[in-house]
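Both complexes shown next keep chain A, but they swap its partner, so chain B is in the first and chain C is in the second.
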Partner chain A sequence: MSNLQLLFDAPVLLVQLIADGILVGSIFALAAYGMALVWGVMNVINIAQGEFVMIGGYVTYTLYSLGVHPLLGVPAAAIVLFVLGWAIYRLVIFRVVDRDLFVSLLATFGLSILIQQLLNQIFTSDVQSADSGLDTLFLFDGMVTVPHIKVVAFVLTLAIAGCLVVFLKSSRLGQAIRATAQNARAARILGIDTDRVYAATYALNAALCGAAGALVVMTWVIQPFQGLAYTVRSFMIVVVAGLGNLPGVIVSAFGLGAAENLAGFILGAEFQIAFVFGLLVVVLLVRSHRLKRQRRYLK
Partner chain B sequence: MLGKLKPLALAAAAASLCLAGGAASAKVEGDTIVLGAAVSVTGKYSTNGKHTMNGYNLAIETINAAGGVEVAGKTYKLEIVYYDDESTPARGAQLAERLISQDGIKFLLGPYSSGLTKAIAPVTEKYGIPMVEGNGASRSLFTQGYKYLFAVLSTSEQYLAGAISLAAEKAIAEGRKPQDLTVALAFENDPFSQDVRAGVIDDASTYGIRVVIDDKLPKELNDMSATLTKVKAVKPDILVVSGHSKGAATAIKQIADMKVDVPILALTHCEAADVIGKFGAKADYTLCATQWAETMSYSDDLFGSAADYAKTFEAKFGYVPPYQAAESSASVQTFVDAFQRAGSFETDAVRDALAATDMETFYGNIKFDESGKNIAKPMALRQVQNGSLVVVAPTKWAAAEMIYPRPKWSDR
Partner chain C sequence: MTAAAKSPAKSPAKSSAKTLATYAVIAGAGLLGPLVLPAFTTQFAFLWVMVTFALTWDVLGGQMGYNSFGNVVYFGIGMYVCAVVQVAPFTDLAEYNSAYGTQDIGLTSLQYYAGLGAGCLVAALVAVVVAFVLGSGILGLRGHYFAICTLGLGIAAGEIAAGIDIIGAGSGMVTPLYPGEIGTRNRFFYYLCFALAVVTFLALRRLYAGRFGLAINAIRDDEDKAEAMGLHTTRYKTIAWCIAAFFLAISGGLVGNIVGFIDPTDVAFAGATFGVWMVLMAILGGKGTMWGPVLGAAIFHVTQELFWIYLLGWQRVALGVLIVLIVVFFPQGIIGWLRERYPHRFGRRIEAASGEAEEPAQ
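Moving on, here comes the complex of A and B:
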């Protein structure tokens, strides 16, 4: 508990931890939006989410090694992944969209293994990273340091979230996506090409992951087998926030980021991820308890 | 190209399988000694698996070109049968079974990584097949009483222990007591890194150095900021991080991003993560543990000096050999030396000859203790100075003084 003592002695550390957590959470939020979208609209849990993030990272890394500034990798990775997402939908996902959830879980799990190995073949298992060349922000006499890249990631996430909300609310495609999410059959009767909507949704998800990957490669390091962490975190963020709740996704991503960092500091890094899993269990228990009570009411 | 080669390779594999079926008992066919190895061609260890394979291949080619191996008056060529263990221990164990019982191989070279070696060693032990390895450093490999396992490399608990002694030396030179020093540890939660940690803790306690942070990083974690925040707060004298390539890259990147100032930073896997190539000046002043460096003054008759080995290797494969390749080449040399001294291909005779090994190679001296680990070669520490790695410890091979303390980020 000496770590806790440390926090009381120097509360400024708390600022560092929470700031770090929220900024990091914003990157998770990007991948989590995508997952929430695909899950909500198509009823597919995309296990390959983390691998899309890694592909986005490698797209950016490739551009970076060709001399392009990695920040340009954010739109570039989004575009590449959009196309790739569309292709994957046309090849694989459309076959599993109306099937049992278990089938799509298996299919995307297979995809994730395939992508890992392909990335490994192309880029080798070496750890890669791209240097954004951005500096670090010093606050409180240098006790709190915030790398600019994390701030950039934060702002970008909020901007993309804003765009996404506007897009879903007001654009034709966005409205079609929402209609399909509410009732696919009714949407089809009203003349919406749900197959196209699904393809667009999946591609959009991939694009979001791509953007997240570009930020990941600038903030941390990437490796073909690092994707799982992002899949798991997206999953948790979506579960905590609930489906179809974009602001909820952002808040829960920030909260999880901060909670994770605090747990890592106080309990030690070995409990950083375990703590978050524990939190997930608690959230699920509380939720199922509440649901049960509600059900009794309805009877 | 590959498409054309594949059927050929398949045919060759089928042919060799038939041959193996025919002469299942001996894996010395005519004038060829066949060694076997499962290495990681695919999967997460594929980069280091490739280094391992290149090391083995360079050794057998060089030995064959120099006339081969003379055993009991007859000259033999060397050959290696490889399988891809896909970086998974279970597959490695299966393949070892296959090499031994199906292909009839009697002498095994090690895979890459401690995890794979741990999976294969029980199999070689069961069949009484000698295995010489250069890439499994975990000390738990040498506490099982294995009789057929020999490792040419220094074991993991020695990796960063030198950094602690170096820090203590510096403290004494400055007129401080080592007991006043503090050390922060951040190690990945896997067998290898935890062994490295055990060695560091042992050394710290001999000097009375206090451990103020002791974090175990989960494998899935690629963010050290919580640990580094703690480091900034408690200001230890030494920060030691080990977590394979990912750990090294993450540490260098985040320490620079968060501007963490610490007088000594010591890592493993600097070369594997290519910290200098990837992070440039951010990697400066870092201490890196290495099994071997091409600047050291070891030499033998086959490859010449360590520098000669590096030159031959680079000419063939196009990159400077990391120590993973060097120790793999040395493993083959160890086998050859044992064959010559045993004067036969009887597995137990070769095993006994291996146990009695006492030789000098370009990679360092090799002499095994009871448990089969090499006790004649120390670990070295190199420091990144102006973008290149310079040996700073042990003093016998030191090319330069350690730059101490690391300059503060605000002064760089």
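Moving on, here comes the complex of A and C:
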């Protein structure tokens, strides 16, 4: 709590924390958007989301240890995860898409455990990161430091989000995805191969997570068991923003990043993850309370 | 195995004789197990703990249709509270924990047993209170929102426990030494675990047979209708969670003493092991049935021990595969499958069967 006093004494720290949070939050936005896509189109909540992020990180880390520049890991991880996502859909997810929600929830939960343990087995439980070799920007006489890599991550996220919007709006597959999200049965009648659309959506989601993971390994660290935090963050962001609301997802991701950073500073870094999970509970409670009030007023 | 499926159709006298025989066999095996195979006493104790896990998970997950990934919270709370109650009256808690178990508080037998008893009792009460407070808030959430909320809860609890210094923070806490030799200790805790599993089973069977069972089944089948019929659904849901928390907390207190060392994230709030196993065992045996969780726990525990022996290092990966396979191909569980009396093997035709499996499971 003494840090709170520090914050009042040096307001410039606040700028640092919030800027940092927003830049990191942009990475959360990628994974969250993938989750919103799968949720909206397939009605599956993918608990393995965070594990995809971790796999993306490990792909980049592996390339990095082979001497490839980690920034090239972003497209590489996206491609690897796209293929992996497609494979997982063909092996597991397509069997649970039309079943009730608990089955798909439990199945992706099982997937997440499986991936965690596989990563742990292959890469051990050590914390890993990849150095992008980029400079750090100093503002306000060095009071505020912004690593370039975070700015790169921020710009990349916005660029990818922009591409996604264009893709969903104008490409043939994007239109098919949106049609399936609106009404899968009608889409099938009109000749859309919904199974392929689902596969593409799931693979696309995995690719987004892969890109996010590549950015995480450069800005932060990865560890086989950290995935769940990303799943929860994505879920929280989507719940706050609502399905199919890309600007909302990005804004609430920024908000989460900043809030988390501030909380980590004030409460101490060891409570940052606990704060994320605690916030999830609060967000869900507020949501259910609001829904309840709406119901009361409507009827 | 087919006999178990047919038993409901038989005459009541015959089936009750059969049930009695089943109980007698299980009680006999439970009581004699550690005497016949003393080397496996701790493994047997964990078998009964697993049975308790699966049974308590099934209260919400099976009977009420609310998948909870966070039940391990009550297990962890029970473990910590019990250990604190055992230690705190005799020494300074903060000092005890900062010594990392090197401080021997040398309890007499009386102090130890009284502490353990009081610990389990207080643990259960604290867990019930926590379940009540959490439940009245969280159980207003429906379906997947509830599931993911509990997922967050389990992890948050572990992280918070790892940040509190007085209970040893990240380096954990050591439970008091048993005043006696190791063989007696193992047998003592074995019988406690066995008794707990039996009591849990009987208590739940009694509860399911009455109004409470009907109410939570109604919530599972159609919550809106149940509410419209005048059931206080949130109240029933909270009570159900409190019941699960009560038994889980006691099992937590016992396991803490069996293991002897409480690590916040690997033993107490072990979402990746105990937390997952609970779900898996109940589904494997057949969720929403009385014997399903028991059977699932027994089969799972044996498989798991074999995994541990033969798959050095890869056992947890194998467990992950197992979860996906069971959930995707065998969601109705063994008992559910037997009930349907389909002679086919696992796989292809489950697709058609799984839809029906939800209903007859009671």
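We take it that the second predicted complex is superposed on the first by the 259 of 299 C-alpha atoms of A that agree within 3 Å, B and C clash if a C-alpha of one lies under 4 Å from a C-alpha of the other, contacts with A are read in each partner's own complex, and residues count from 1 in each chain.
Basically, contacts are C-beta pairs under 8 Å (C-beta built on N, C-alpha and C of every residue); 3 or more make two chains touch, one makes a residue touch a chain.
All values derive from a computational prediction rather than experimental measurement.
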First, second, both or neither for A:6, with chain B first and chain C second: first
First (chain B), second (chain C), both or neither touched by A:24: first
Contacts of A:129 with chain B and chain C, given as first, second, both or neither: first
Touched partner set for A:16, first chain B, second chain C, both or neither: first
Chain B versus chain C as contact partner of A:95, first or second or both or neither: second
Partner chain(s) touched by A:118 [first = chain B, second = chain C, both, neither]: second
Which of chain B and chain C A:278 touches, first, second, both or neither: second
Touched partner set for A:225, first chain B, second chain C, both or neither: both
Contacts on chain A seen with chain B and repeated with chain C across the two complexes: 117, 120-121, 225, 228-229, 232, 268, 270, 273-274
Residue ranges of chain C touching chain A (in the complex, touch as defined): 65, 67, 69, 137-138, 140-141, 143-145, 147-149, 151-153, 155-156, 159-160, 162-163, 170, 272, 276, 279, 283, 313-314, 316-317, 319-321, 323-324, 326-329, 331, 354, 358
Touching residues (chain side chain A, partner chain B) in the complex: 3, 6, 10, 13, 16-17, 20, 24, 117, 120-121, 124-129, 131, 136, 138, 142-143, 145, 147, 149, 220-221, 223-226, 228-229, 232, 260-265, 268-270, 272-274
Chain B to chain A touching residues, read off their complex: 42-47, 186, 189, 214-218, 220-227, 229-230, 232-234, 245-246, 248-250, 253-254, 257-259, 272-274, 278-280, 410
In the complex with chain C, residue positions of chain A that touch it: 45, 47, 92, 95-96, 99-103, 105-107, 109-111, 113-118, 120-121, 225, 228-229, 231-232, 235, 239, 268, 270-271, 273-274, 276-278, 280-281, 284-285, 287-289, 292
